[in-house]
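Below are two complexes that have subunit A in common, paired first with subunit B and then with subunit C.
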Partner chain A sequence: MEKLNPFLKGVSILVCGLILSFSYSVLLNGGIIAVSLILLLFFSKARLTSLVKILVPAFVAAVSIFFTGMMFTSGSAIAPEAVSKVESLNFEVMSYSMTSVYNAIQLSSRILAFAGLGVLFAMTTDGEEFVKSLMHQCRLKPKYAYGVLAAFHLLPCIREEFAKAQMAFRVRGIPVTPFSMKPVFAMLVNTVHWSEHVAMAMESKGFDGEGARTYYTVTVIRWYDWCFLAVTVSLLVSGTFLLPF
Partner chain B sequence: MKLKDILFVAITAVLFGIVYLGAVYMGAALTGILTPMGLGIYGYEPFYGIWFLAAVFTTYVLQKPGVGIIAEMLAALLEVLMGNFFGPIIFISGFIQGLGSEIGFAVFRYKKYSLQSTMLAATGCTVLSFIWTGIRSQYWTLSPMVVLGIFVIRLASALIICGFGCKLLADGLAKAGVLKGYALGLGQMTLEEE
Partner chain C sequence: MNQNFLSVKDVTFRYFEQAKRNILEHVDLEIEKGKIVVLIGNSGCGKSTLAAVSAGLYPENAGQLLSGSIRICGRELSTIANSERAKLLSMMFQNPDLQFCMDTLKKEMIFCMENICVPKEEMDGRIGELAEKLQIEELLDRNIHTLSGGEKQKAALCCLLLMNPAGIFLDEPFANIDEASTRKLIAMLKKQNEEQHTTLIAIDHRLDHWLSAADEFIVLGKNGQVLQGGITVETLPRYRELFLQEGLFYPEELPEFQPPEIGQTILELKSVSIRKGKRKEFLIEKADASFEKGRITALIGHSGCGKTTLFSVILKQKKYEGTILLEGTDVKKMKPQKLFHRVGTVFQNPGNQFVSACVQHEVEKSLSIWHPGLGEEEKKERVFRLLEAYGMKQYRRYSPYMLSQGQQRRLAVLSMLVGNQQILLLDEPTYGQDARSTKAIMDQLLGLVKEREMTVIFATHDLGLARRYADRIYRMEGKELIEWKN
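So, the complex of A and B:
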């Protein structure tokens, strides 16, 4: 999975996600979850512990949406002709609760399917590679690409700055809770300064966002990238039409 | 856009990314609390305004058309870099939210940058993102009252966090004098000189 071109992998997963947004099959959702787990476990270098960690919030969301579906499924989601033909209250209650359970499973498996697709991308893609490949395959302008990379790598500095700002307030005897806005504002003032400084630094080193430039590494698309795109999308499309529920 | 503007947008996106991460934890906690009542779907809604911050804030500061969409796309890219578990699909959500914010500012033809326009932008984000999440999580299968609740909470959160918050934050920064290089800071400087 790591060897695939990041941009085309991203496109495949994006297209899959879009198709999934408009198809409503529990089996398909289950299939996607299974396939992405298999790919992650056996065909990638993703570590099991980090996989579990990243899936916990998705699982929480899925469970909660399951309960919402159970309790608040709309009455109109139930096919009325199935109920109105019979007089039995038992049957009516059963078919209503069946629909609720089905809807709940459907909603929560959908969340997990989306998460499966996303994790499949996130765990097997190096961020920098992805930006490079956006530049080479998607014609993202270098000024955007390197601007984002610069900001991304400032992240540790921003964290440090925030800690410093909090400390500065404490030193002055002003109580600081994780929710107080003053240190956040102080940090913002400093980091906005940085954005000007970093831009100046990049330009003074001769960085020109528009002109032609050479690259140390150039990502390329190989035949198996197209294969991955074709296979995943065609599987999903056929799944949408073939799987009944 | 100049490199300076791009870096400004990217760094604000990173900053809001950190705030957003905190909101995810709080949202997860709230979801956990609400789940037994079946209202877990509301867990993330009170924090939804934070998702729109990047677009509205940067448009308000840079005052150019198209900034909102670029800001949300860069924010989405950064979130992918940070390892968001929804992966590339958030580019779509980012684009849709950016578009919502653009609509809000476009109503005044990108001429007026006031509380009204940030509020409108926040509303635009809410409506478009509501349609998109509605398609993704099939809101029509849930009871209408629950769905209406989602919309109302999200709108309130967007108006408070994004509409008011962006304006306060940006004006505060302009007053602190760090936005001199950008449209908002420039506008305020000339006002004071007059």
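So, the complex of A and C:
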């Protein structure tokens, strides 16, 4: 998975997501989850622990949606006349709950399918590679590409600065919770200053947002990138039409 | 032929169109090719601005050039494209953290070469060659974020040397790093100058490191005006008066350091060990120290050796092993609020600890934290008195962020003072300050120690500062904390 071109991989997964949002099939959702997991576990270098860490919240969300769906569906999947003709209350309740359970499974599996697609991209793609391929395949200007990279690499500094600001406030006798906005403000003031400094440093090293430059590594699109796109999309499209549930 | 590397003629520059004053006013400056020149001036005299204007970073990024022209190697600056300009004049900055856009030195070097259109095939060769020459192989693939301040500056310099520009402008490159790294960097620069005839223009507010290397010193006055050029190491003593008059740091032998007799201990560390992050490795191991009441104690050591961490340990913000006693009471058993009421702190970047949008409210806020029962009128009056006493009254409606670094620090100390804390911890109190501002800050501290019998502990990487102002000096070396005696 890591060898695929990040840009084209992103496009494939985005298209899959779009198609998925128009389909309504538990089997298709299940299939996507299974395929994503198989690709992640056997065809990528993704670490199991980080995979679990990301998927646990998604799973919690799916479970909660499952119960919401089961308890609060309107039950419109079955025509009301059909139900009212049946005299037995038990059967009515049962048919209602059958549709609710189906709805609930449908909704929750959908969440997991989207999560699977997202994780498949996120865990097999290096941020730097992705930005580079945006530059080469998508003609993103170097100005934006390297700007994003610089900001990305400043993150550890920003995190440290935030911790320092929180400590400074605490020591001044001002209670700080993880949601206090004041330290965030102090940190933002700093980062605005920083961005200017970094930009000047980049420029003094000859960086020119639009001018000519050479590239050490150029990401390219190979035949198997197109294959990945074609196979995933065609599988998904046929899945939407063929799978009944 | 033009023998000047850089010639600045009649340059006037300001940041905002509506601003009342110009940062640079009709500045003329000429730098000869192949020389090492040091520009010295007070902070706020416009020397950093002059550097950025000369390197073409301003007015492109900010401000307006109202008049004048700048020529590098005889060519008009505004006609040279960025990538070509970097081959003529490149710049090294003060803050080690903010000079990189990639995560490892190797990638950063590649980024630099891409900028100046070096063909891909040559890149590996050039990196290898330079790395061997400067012995930085082990730095190449380490994450830049994990390097020390000195190593970061070294890495930044290596990037510039790789591009081999005709000249390098250095904006206070040693302000944040320790003496040993400074010496190494100067040796590297000197060698580059000798081998490649690279012109080096350095901005500094101290010239003692440069004595062995520089060809010329130039003193800058207000608005970037050249007060005196052509000073060499030999003629330097003639200009001692000028230096003192401008409030600049003049290199002189310090008197022998004599610690006073041992006084009453107020804060004591007993075999305190601190671990690095969450790892098992020790940052500081079994440190013993005692800080005396009404005295100034300095903590010296290179950047990243754990001075700041030791402060956060004293403030109970980080886990440690061992005992810390504050007037005989174990800090571990004290409530945080009570501890902070007795120990105040000013961090390296005081901008982190401001809570209000104006100076007056900033001090008022502290007052209401530490003296909750005070009436509005009395609060206002006390704040006014304090602001007046410390010369900050005219700034009372300013935002704290609009003050200069030195003023910010004084404000931070001020808002600590209203709490009547007995112990003041200061992390790098003179970070990036010139001699005059350093003196103002340190004199304020000396006054406090005398008036209120306060105990001051400050961390610095500058041994000279410690020797001049401290009664006792502790040095962090490796993982140990040792008392320093001459």
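The rule we apply is simple: the second predicted complex is superposed on the first by the 233 of 245 C-alpha atoms of A that agree within 3 Å, B and C clash if a C-alpha of one lies under 4 Å from a C-alpha of the other, contacts with A are read in each partner's own complex, and residues count from 1 in each chain.
Operating definition for what follows: a contact is a pair of C-beta atoms (placed from the backbone, for glycine too) under 8 Å apart; a residue touches a chain by one contact, two chains touch by 3 or more.
A quick note: this is a predicted structure, and the numbers were derived from the prediction, not measured.
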| query | Touching A:189, do we find subunit B (first), subunit C (second), both, or neither? | reply | both
| query | Which partner reaches more residues of subunit A, subunit B or subunit C? | reply | B
| said: One more residue to check, A:156. First (subunit B), second (subunit C), both or neither? | reply: second
| Touch check for A:64: first (subunit B), second (subunit C), both, or neither? | first
| In the superposed arrangement, does A:203 touch subunit B (first), subunit C (second), both or neither? | both
| task | Could you look at A:22 and tell me whether it touches subunit B, subunit C, both or neither (first, second, both, neither)? | result | first
| task | Applying the touch criterion given at the start, work out whether A:228 contacts subunit B, subunit C, both or neither, answering first, second, both or neither. | result | neither
| task | In the overlay, answer first, second, both or neither for which of subunit B and subunit C A:115 touches. | result | first
| said: For A:168, using the defined touch cut-off, is the partner it touches subunit B, subunit C, both, or neither? Pick first, second, both or neither. | reply: second
| field | Intersection of the subunit A residues that touch subunit B with those that touch subunit C | value | 150, 187, 189, 194, 196, 198-200, 202-203, 207
| What residues of subunit A sit close enough to touch subunit C in their complex? | 128, 146, 149-150, 153, 156-157, 161, 164-165, 167-174, 182-183, 186-187, 189-190, 194, 196-208, 211-216
| said: So in the complex, the part of subunit A that touches subunit B is made up of which residues? | reply: 10-11, 13-14, 17-18, 21-22, 24, 54-55, 57-58, 60-61, 63-65, 67-75, 77, 103, 106-107, 110-111, 114-115, 117-122, 127, 130-131, 134, 143-144, 147-148, 150-152, 154-155, 158-159, 162, 185, 187-189, 191-196, 198-200, 202-203, 207, 209
| note | So, in the complex, the side of subunit C touching subunit A is made of residues 52, 55, 57, 60-62, 81-87, 90-91, 93, 95, 97-103, 110-120, 123, 144-145, 156, 159-160, 163, 312, 315, 317, 336-337, 340-341, 344-345, 347, 349, 351-355, 366, 369-370, 401, 415, 419
| Complex contact set, residues of subunit B against subunit A | 1-4, 6-15, 18, 24, 28, 31-32, 34-41, 43, 70, 74, 77-78, 80-89, 91-92, 135-138, 140-144, 146, 169, 172-173, 176, 178-179, 181
